[in-house]
Structure formats: C-alpha cells, structure tokens
C-alpha cells in the first residue's frame, strides 16, 4: 500500500521487465509508423538502469533519488525521441518526489511533473499521437481519483487504466508530431509506440503499489 | 537478411573502431562515449562543426570529419539519435574557442538530444549554435508534421559550412552560411527495397516486388506513397519535379545536383538517374555547375536513391570547391 | 528484383552518358563505340594506360580514368567483355606516342578481346603491352583453370602503374611496376547474396537465407564453396588467411589493406571486416601502412566483400601516395 | 541440296532464329557455371548480323563473303569469350569458302577451319568443357561422312548430330578452360553453354542444306 522508496525500486524493476517483454512488440509498432527502434531503445535504456541500480553501494534514500537515477540513465542510453522525453519526465518527477513516501496528492504531483517534462521537451499537445496521449488521461484520472479520496495505490491504478485507454485511442489518430507525422494519412490505424510503452510503465507503477499492498 | 556483422549490439562500436583504424590520418575515434573527432584535435580560433545522428547512414557523418568539413561526428545506435552524454564531449572536442556549430537533421530525437547536449556544453562555457537541416520535400505540409526531415542535403550543409569555418569565418557567419544552404537545398527520395535494422530481424517495411515507395526518409521508414515500379526516367521525374518546384527554379539558376544512393543501389543506376535529372533541369533552363553522385547519406543496404538540388551563388560555389580532406569526400 | 533503369539494353550507355556529364572535369565519354577517355586527351610522351571489361563493376574502370591513373576505360555490356572495335579506339585515344599499357583482368573473354584489339592497334602503329591481373586466391589450383581471376587487386595495379606513367616512366618501366604489383597482390571474396544481371530476370545464383558463398569472383558467379552464414570475424578470417598465406606473409611486412564492397553491403559492415582483417594481420606481425575501404570493384548490387592485401615496398608506397584525380579515387 | 551462297544466307538466318529462341536457355546454362550472359551475348550478336545482312546493297557473291560478314559482326558485338571465339571461327571458315558452292570436301574444309580458329584463339583441348567439345566431334564426323561418300548436306547432317552429342557429353566434364573452370568440381553436372550454342548453330547449317534439298 505504501508508495515509498521500496515501491520506487519495485516500479523501476517492473518497468524494466515489461520493457524487455515488450521489446519485439514495441519494435513492431514502431516499424509500422516509425523506424522500428522503440523497443530496442527502451530495452537498452532499462538494461543500463538495472545495471546502475544493482551497482549502487548504498540504497537510495528517497523516491526522488531512484527516479533521478532512472532519468539520467535513460537520457544517456536511450537516444532517439524517447530518451530525452522519458528522461525529462523522470527528472521532473524526481524533483517533486524527494520524500521517503508519497500520499495521494504526492502521486498526482509526480505524474503531473512527468507529463509536464514530456510536454516541455516535445511540445506536443493531446491528440498528436504521441506519449502525451497516454500521460494526459493518466494525469486526469489520477487527479479525479485523488479528489474522490482514493489511496495512493488507487490513484496509480486509475492512472494506469486511463493511460492504457489513451494508448489504444491513438490508433485512429493522424500523427502530427514525431517520426510518424512524416507518414501523413498513413499513420492512421496504428497504435503509437511511445504511448504504448508509457501505459505499460504506468501499469507497473500500479502493480508495484498493489503488490506492496497484497 | 544476412549481414556482415558479429552482433547487432556491437556493430556500431566495431564499425567505428574499424573506421578509426582505416582513417587514422584524418580522424581520432573516441569509444566511451562514442564520437569521432578530427585528427589533431580542435583548431584554435576556428569555429568547430559537429554533427551526428543515428548510425546506418554511412558515410554520414563520421566520413565527413576532417579538414574543411566537420570537427566531430556523433554516431548513435542504428537509426537512433545519439545521447547528450556523447554529444556534449564531442562539442568540447570540437571547440577551438570560437564556439561550435551543431548541424542537426530535423528529427525529434536528434533535435531533443542535441538540445540537451547544448545545454550541458553551455554550462561548461562552450558557445553552441544549432542549425536544423530540413531539405526533404516529401513532407509536403510541414504544418501538420514535425517539420520537414533532414536528408541528403546535409552533405552540402556540412561541406559548405565546413569551408566557411575553415577560412576563418566567425560563428555568426558560419551559421549564416549554413542557413543559406538550408534555405536553398531540397531533396526527394525513393526506395525500391526496405532495409533491415540489425536488431529487428525484419525489413523496415514490406514492399511487394512490383512496387516502390516515393518520398522516403533515411531511416527505413515507409514513404509518403506507394506506386507501381516505373522506369528510372519516370521515377527521376517524380523526385526532381517537387524538388525543383519547391526551390522555385524557373530558369537561369546555377545548381549543384546530388544523386545520392541509399546504400544498396549500384553506381551505374545512380548515373542513369543523374542523366535524367540533369536533362530535366536543363529543360527548365537550369544549369548544373556542380555534381556529386554516390552513396553519401544511406539507409543501410536499402535500394533506392534521392535527388538533391542546391541553388548556388558564387560564394556557395567557392565554398563547395574549397579543399576538403575527409574519409568520404576529398578534393 | 527491382532496378533503377529504363531498359536492360540501354543501361550501360545511359549510365556511361550520365557518368560523363557528372565528371566532365575529369573524363570525356565516347558513345559509339563506347569508351571513356581522360579529359583533354592523351598526354604527349606519357605511357597511356587502358583498362576495361564488362560493366557492373563500377566504379571500375571508368571511375579510375583521370590524372595519375587510367587514360581510357572500355566498358562492355554488363559482365561481358567489350569488343575489339571499342578497345582499339581507346588504345588510340590513350596513346601519347610512348605506347600503351593494357591492364586486363584474367578472364578468357577480356583476354581474347584485348588481344585482338592489340593486334588491330599494332597494325595502326601503336605499341601495346598487356599485363594480366590475377589476384584471386579463391582459384587455388590454377593449373586446372584458365588461371586465377582478376578482381579487386586491379585497383592497386591501375593506381600504382598510373602513378608510374604519370611521373614519366617509359613503357618497359610501367609494365615492370604493374607486374610487381600483380606479383604482390592477392584477394578473396564472399557473397551474402547473388546479384541480378539486368537482362537475366533471375539472380545470378540461388543462395538460401542461411548460407554464403566463399571464393566468389566479381561476375555474380557462384564461389568455390558454400558455407553456413557465420560472424563477420569468422568470415573475414576465411578471406584473409588464404590471402596472407599465398603472399607468404610471416611478419615484418608492410601492406596495403583493401576491404572492397561488392555493391550492396553498407559501409558500416565493410569497416567491421576491416577491423578484423587488420587485427589478424597485426597478429601475424604485418603492419598495415595504407588502407582503402569502400565499393571499388563491385558486382552490381551483390552483398558481400573482398579482402585484398598488397605487399608494399617504398616505391610502391610512394606511387600509391602520388596524387590521383579520378571520379572514384582522388587525393 | 546445294551448299552455296543462298545456303549460307539461310544458315545465318536460321542461326539467328535458333539463337533468339534459345536465348533464355543459354542464359540458364551459363548462369549454372558461368555468368549468365551467353544467351544475351549471342542474341545481341546475331541481331547485328541480321541488320547488316539486311542492309547489304548487293547480294553477297560467295559463301566466304557471308561468313566474313558474320565474323566481323560477331567480333564487334558479342564480346565475352564467345565473341572472339565465334568470330575467329567464322573468319577462318570464310578464308576457305571463297566460292559460289562447296562440295563435300569443301564443307569439311570449312568446318576444320572453324574449329582451328576456335583452338587458335582459345587454346582449349577436347575434354576441357568448351565449345571445342562440340566442334571436335563435328569435324571428325564430317571427315568420316565425306570419306564414306556423303553429299554436302549429308556431311553437314553428320557434323550436326555429332556436335549435339558432343555438347551433351560435356555434362560430366570438369571445366578447365573459360569461366566455368573457376568453379572447380562444381562445374561437373552442367552442359557447357558454348558447346550447346555451337551444336544448335551447326544444326542450322544442316537444316539449311536439307531445306534446299526438299
């Protein structure tokens, strides 16, 4: 139930696992409307994240420390569009999570900061068929859940579910940002790889919180 | 798809290492983080030129490091932008105290990573200015996209800006020359086959034996539209016309004509394309005063070509003609 | 197989025409009969160098016409030797009064057609001497064949003999230098895919997805044997070992290492091969003092590579380093 | 029945037809053990031969004149190994056929001269898997037929039959001349393209003579 530094580590390890498992699936999606490297990029990044996590001499003191490690590692190993976007998301999130534990408002703040980082870097609006289309409904759902009195794990679960729906909802969209935009009309009918990986990663945040509860 | 590689994970580093060994007279390769610098280091007082991007476009960019062109190149993984922690040291290696010009092809990944690297370098006191190459006219309505892509025209930007830096222009002047090239260069490409990214195990797109992709980029992505296979002359016209139209060539201009191979097309076919592109330009009253034909900005082993036209003036011509000594371009 | 051509019957003439337009500063193209001569014509008093053979190996040979290398090149149809009525006028165009050296790759067709052409030229009072390049060690037992084939080593013969002619050596001396290169150069190649001759409508041989051909020539013919696909390092060892063994390299030698692409292999892979070839040579105590990596002697769009080693001495090194200005080789 | 200048023209036209008809077959054979151009080379050559024949202002006066036209045309248009070899064969044959008509001895002399031309240029012995393996038995059979009293058309028929058998007999041979020799053992089991085209062309010589008789 507690969204604390142990949760953060579990989230990151879960994210790595899901990124490895979906490596081929992400490549396949990116091959349709991009250049086929999204799965490889994220797998390379999270391999490095795990390595740095395992190499730590002292356990991270707070959530922000974990997220900062993820941010700098992804920034320096992922490359492509996803590297700076995810990197900035984690970096911004790290800035508002310098605590041992988050309450529901803290979880919302973390997700809001992540989305803000993506938008600041990538300048995409909702509906442009990017990872913003997973993060925007996720933040909205988190805000609503917290307002309705949900616990931190419930807030994360709501965010994950909305992100997943948002990712699927990118299918009919025409891409106007990122590499898929070069395809014009031909980008319609395919799910955005970055929105897909975002939903999977947010799903792991909820799983990690639920797992701690169970 | 068979490849002459050992391992998809190591192909870039091994290739760059081999490149460094083969061209030790021109370049010095740094392996961790990976970037390629001019042999002998930064030239004091000269504006440093840095470019980079995903690998798989060889000889771009490392093949253009050397006297009269780039001071450093930063190769990312195949078709994936390099990261700021590679780019920032390349900026530092290229800086001779007169600032650095970053030549970035317009892809979200390249733009974002170079932007972050520039922030890091600026924090270390290095002045970085950036130009973004966006010569691909296949992306027609750039209002609804991330803007036009940067493709083969990059060679002209790097060569000409490199010559300006070499003759001693300051950073503002080098930026201005680069921007002038960018404003006057346009490209359009065709793919006859897809390419195979080493780790993907699949072609970058599926293309039947009797169809081709018009308006491709250089990352193995599909093009703007698919048409039945046509003759070289017909295909060349489909490439040249939007290029010449977009440049507004009406006759009397002097241009550089670059016919660029995507990697897997024989030189003989590139010259067939060149012949027709030249005839079409001449039919418009445009004079081709400089030419380049070959594999310069590639997509691995993709079969196909792109046609690039750069509108020249006397200064751009002189800078194009200025001596260059790199692995892939030398005169 | 898709090709950027208009018609298999016209691809060579259109390509040569385009080549002439693109490189008018270096060459002058004659279309009927087809040959490519140095711009400005024969150099009085200089030995003229002429080479030629089937097309499909570009940039060989026309790409090597110019100052410091060939005076004329004669392209035949794809993979088919040119005819004496093309070659003899090329001899005449190359003759500056000091005689002509014909550099012939050892194929029956090339040998016979050049022989006939030499007879025709001699009848017109032009002295023609011929050297036959036969660097391919894949053809092990040349007693039972038409001798070893001439492949990528041809570039070294043309460059070095060209430099000797350019510095004013007489015909005997140029022949002697060419023979010395031939005696010291060896090559072996691999194909990952077959190529497609334009008029044939079929690949030049059938090769499964998991096999490669070792010991190929440059005409799309199958190799000496077929093996399962292996790593670049393993393949490179299969190529380099017979080359180094045949040259009798035991350590202490200085060599030129040429990694040549067959046309469809990306530059990045050629550098992976170069890296390993260089490591293997160094492990033998052989010093690589000169290098060349790229598509120089190709088989249309074939994927594959060859490894060439030339044992150098000071004179051959100096001749290799001498200035050259051709479409495909320039320094 | 008469082997005269009309026969010579008919032979050449028949040769062109068979070369066009077998273009793909010759390419296929050459693809197995050579470089796949033999059919294309001969088709290009005989296309030029027909063009020059049609362009003649005055009909050729004797057999030698026809064969000399074929010789120079093939020499300057076929290229490859086959160009000089066939060219020299026709050239040598032309030298001994400067007559309006040939008797059986004349036919033998013509075939002997052709073979000699091929051997002088190509320096192949019988059994090396080349066109020599069609021409050698053809000449032997012609000599035998003439000695047995056959008419000119009979001599040509005997030569054609032996050439055909000789071409087929190249299948098990190991090539030691020409491009196929580079294949070593792998050349075994395939019929030599040049021997095959030689047999077809000699077959047309017999057909032209028989056609005149019928």
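Chains here go by letter, A, B, C and D, matching the order in which they are written, and residues are numbered from 1 within each.
Methods note: a residue touches a chain if its C-beta (ideal position, glycine included) is under 8 Å from a C-beta of that chain, and two chains touch if they have at least 3 such contacts.
Please read all numbers here as calculations on a predicted model, not as lab measurements.
The chains in contact with chain A and with chain B alike: there are none. Distance from chain D peaks, on a Cα-centroid basis, for A. The mean-CA centres of chain A and chain C are about 55 angstrom from one another, to the nearest whole unit.
One simple way to say how far apart two chains are is to compare their mean CA positions; for chain A and chain D this gives 76 Å. Chain D has its Cα centroid 32 Å from the Cα centroid of chain C.
Listed for chain B are no residues, as none touches two or more other chains. For chain D, no residue reaches two or more other chains under the stated contact definition. Chain contact topology: the protein chains form an open path, each linked only to its neighbours in the line. Looking at which chains touch one another, you get A-B, B-C, C-D.
Of all the residues in chain C, the ones that touch chain B in their complex are 1-7, 11-12, 14-19, 21-23, 55-56, 58-59, 63, 190, 192-193, 209, 212, 229, 231-233, 235, 259, 263-276, 278, 288, 291, 293, 295, 298, 300-301, 303-305, 330-331. The touching residues of chain D, counted against chain C in their complex, run 27-28, 31, 34-37, 40-41, 44, 75-85, 87, 121-122, 174, 176-179, 181-184, 186.
Per the touch definition, chain C reaches chain D in the complex via residues 54, 76-85, 107-109, 112-113, 115-116, 138-141, 144-146, 149, 197, 199-200, 202, 204-205, 217, 219-222, 224.
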